[in-house]
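Input: structures, listed below.
The two complexes that follow have chain A in common; it is paired with chain B in the first and with chain C in the second.
Take a look at the complex of A and B:
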């Protein structure tokens, strides 16, 4: 039973939450298009009197923002590619093959999550130095892969378990090789799982800060998170307008990626879809 | 066309023995049913024939070729799965086409073959649909189509009708019989439904507990069950089995002696416990001297299944025609058709002890 009061309260709570979450984002966008002069006015202007894109322009032309951006794109995409490939094959193995220690192995990969990243980061850094990868994008890709992969493995495993083994058996009888059956039958069925995993990995890698801070320290290989921070936030001054403009541009790819893949996720693709 | 042989095949999953020493010879063009209760190893047997499961030991051959190490796709078999296993992301047409594609058949030939198969199974209007948009019966036909399109040597079918409703099932049963007659291919058909096995198969392999119990024609399996298990598994309602002792030329049960013809059984009948088997249709109510009481009468319209209770509480079933008037609680004298008696060793799969000859088959109508 829905009493009007209950509805009212639920609505109130929901909208409060929405506002709480949306306000900083809104403020970020507003600030990014305000001229410097309007920035610290009290009381603040809700809608800027003049809209300017000078901060965006300065960011793109006078700072290494584009380099950071490119680094982030390369970093997040490569990590995603690695994680999805390894995760898919690993999940397939965990679900389809019977071998000793299979369950233990699956549990063990989650062990990484029991330790705070700061505990892992120093050994990881030393390892990267030892194999001559310190201060490279590759070291970050590897680091991000190590912390995204376990979760991806579990996610993909549960999707994989939803694919009936008979489908694969049928493909084998129909003349496909194991790899052929994997490509023709498993992969298309796994697509929703792969997309969710890719989404999760991409976002994780795109937003990651701590590893990037420790493993990489030159502008040419820094991703957006650390690059923008070190560029615009110094001990004496925070370049608010530039920071907000940068933040807007950093969020944009995620919003685009999400909006694009969201439709895939919910389109009830194959067996993983929600439709029965 | 090819014969299929399982020679001394054993299958273990870890320490669990799923199949024990299986020997089956299937002749070319034969329709064989693997029949048995759930978990007896039917699917495992079929999956080993398909190459999806490896025998722990023993030899499997198809068309005279040992196929133990041959991949499923290279065995020239087609299989219909209990779950149909239609590829959900492909249309009906693509599903049927898939095995041809995997064997490198040219596109134009593929199209023609798919159309041929679709026509045979009346699937033409459905070719562009996805499996999800089909009814159970249609899905079943697509699964058959995918098997038929390739003209394989052997068809393996794992309970293909079990997901269908009764009406569609009997229709598809007839279709499959017709299909087998037309193609003349070896077919191995797994089922736990004895009606399917009895009506479709030329021979039935009855399995229980990972062992082959009997492999013979439907009539033989019905009339000369190899052991107690087969006797109780085949036939609805199943055969009455009364525990008792052989005493001279009588069988003692519930304090009464039922005359038996010793010459019809193997000589070495010693004393001790035996089991007397008699099918319900050979129990005559009012035609003997064994006192019993009627406990339940189930009238199905064309016959009555009567539950009887002997003086010691043993229950047995009789089958009589529907017109006969019988009342629950009524005391009756019952008798057994003397030629229809089976004698078994007492254990669960106790051997049948009749001397077997074709003469021991009594036509159903002579009761």
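Take a look at the complex of A and C:
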């Protein structure tokens, strides 16, 4: 039995909280379309009086934003492709094969999944300098593997465990090879899990900051995270509306994922080690 | 297992070989980018290395003596514990609360869920830029909003003084990471059988009693896992704190991750930084072992 009053109060409370949580995001969008003159009004105007897209235009035409964007796309896609390919084969092996050291390996994966980046960053930096890869996108792709691979492997392992073995056994009895059964039976069933893992990996790599800060220091290879932050530091007079426009643009892939593929994100959560 | 149950030992061995072959590329990459650097970090920690030239010499346990006797490591450990405890508590309280609300039949539920979820997936760089703009002492929406609501009389310096800086960092951390708790708890809430609530209702339990007697016991397992996982992740957080305050004012928000970074790339003492990172890892090992044992038990 729900009384109308109770429903009303529940909705009001919930939506007030939700809007409070979403406020920084709304503020980011509002700031990005305010003209520079309106920005420095005290007290601030909660709704923009005039809407302008000049900051977006300046961002794309006068700053290296598009270079950063391209670098981030290359970096995140390559990392994702690399890690998902390795991870799918690895997860298949960890779940469906029996050999010595398999359990230890699974524990090692989980351990590295929790490892702090700052422990690995010093040796990785020295390694990249030594093999002449410092300040390249390749060094970042390798560095991103350190957190993306354990993550993808762990996620894919959970998805793989959810696939019943009967079909695979039947195919094997019918004379299919293991790899044939993998391609025809496992892969199609694993596809939602692969998409979910790929989205997570892409977002992780897209958002990563520390490795980019240490391993890359020139504009031509900087991804969005360090690139946009350098726009904050390099200007004497911080142009907040420009930075907010950059923030909105930087969140575009995420907004697209949220609009169309959100169920894959929430299904990844169930698999990602939080099944209590 | 059933796939191989009827097979001959020869086929069994062939399968084992195939299994090893499939995992081999992963092991190779793992050894190269994780295991080797991990061992190298421990090795480097007994050297004294000047970052710009990368020249160094063996100093034995000196770096560890400095870690134990100097105040930097302990100061940062204290800061890390305050940050982790503060932000984790907020994440759990708000996360469980929000999950309970979003579990109800509210208007536009899926839109509300999306909005709540969003900060978690947002880039830390974006989150920090927005919040630094919100916290801006002259034009920031935070100060003016709170002043218009009558909560503040004067604009506050949010990130430049203590304890405001720590409070600010903890708040932003809670905002960014509490959706993780919401999603995990929400998923669990949906699996609690309705008849448990019916039974409690028949026994005369009110909403509060139902929460403590039915919901909480059902959530206990998932909450333990969430707390362990988030404790580990918050403990090692770098981006958010580094970008919000840079560890300042002075070192009052300098967590262990920031200390390691600062030592290696700010003060150019790579060996000492490696020693700090090993120390940090040892502290974390307690939580890691707890989590791994728990997850291992379940699967």
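As a convention for this text, the second predicted complex is superposed on the first by the 232 of 276 C-alpha atoms of A that agree within 3 Å, B and C clash if a C-alpha of one lies under 4 Å from a C-alpha of the other, contacts with A are read in each partner's own complex, and residues count from 1 in each chain.
By our rule, contacts are C-beta pairs under 8 Å (C-beta built on N, C-alpha and C of every residue); 3 or more make two chains touch, one makes a residue touch a chain.
These numbers were taken from a predicted model, which means no experiment stands behind them.
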Taking the superposition on A as described, I'd like to know which of chain B and chain C A:185 touches: first, second, both or neither. first
Please work out whether A:133 is in contact with chain B alone, chain C alone, both, or neither, and reply first, second, both or neither. neither
Name the contact category of A:172: first (chain B only), second (chain C only), both, or neither. both
Looking at chain A, does chain B or chain C touch a larger number of its residues? C
Applying the document's definition of touch, where does A:118 land relative to chain B and chain C: first, second, both, or neither? second
Answer with first, second, both or neither: which of chain B and chain C does A:24 touch in the superposed model? second
Both chain B and chain C touch chain A; at which residues? 166, 169, 172, 269-270, 275
Which part of chain B faces chain A closely enough to touch in the complex? 47, 50-52, 71-74, 77-79, 81-83, 85, 87-89, 98-99, 102-103, 132, 146
Residues of chain A touching chain B in the complex: 164, 166-167, 169-177, 180, 184-185, 188-189, 269-271, 275
List the residues on chain C that touch chain A in their complex, please. 1-4, 12, 15-16, 18-20, 22-23, 25-27, 29-30, 32-34, 36-38, 40-41, 44, 54, 98, 101-102, 104-107, 112, 114-119, 121-127, 129-131, 133-134, 136, 138-139, 141, 144, 147-148, 175, 180, 183-184, 187-188, 219-226, 229, 232, 235-236, 238-239, 242-243, 256-257, 260-261, 264-265, 270, 273-274, 277-278, 280-281, 284, 288, 291-292, 295-296, 298-299
Across the complex, what residues on chain A touch chain C? 2, 10-11, 13-15, 17-19, 21-22, 24-25, 27-28, 31, 39-44, 86-87, 89-90, 92-94, 96-99, 102, 105, 107-112, 114-124, 126-127, 129, 142-143, 145-146, 149-150, 153, 161, 165-166, 168-169, 172, 178-179, 203, 206-207, 209-210, 214, 224-225, 228-229, 232, 240, 243-244, 246-247, 250-251, 254, 257-258, 262, 265-266, 269-270, 273-276
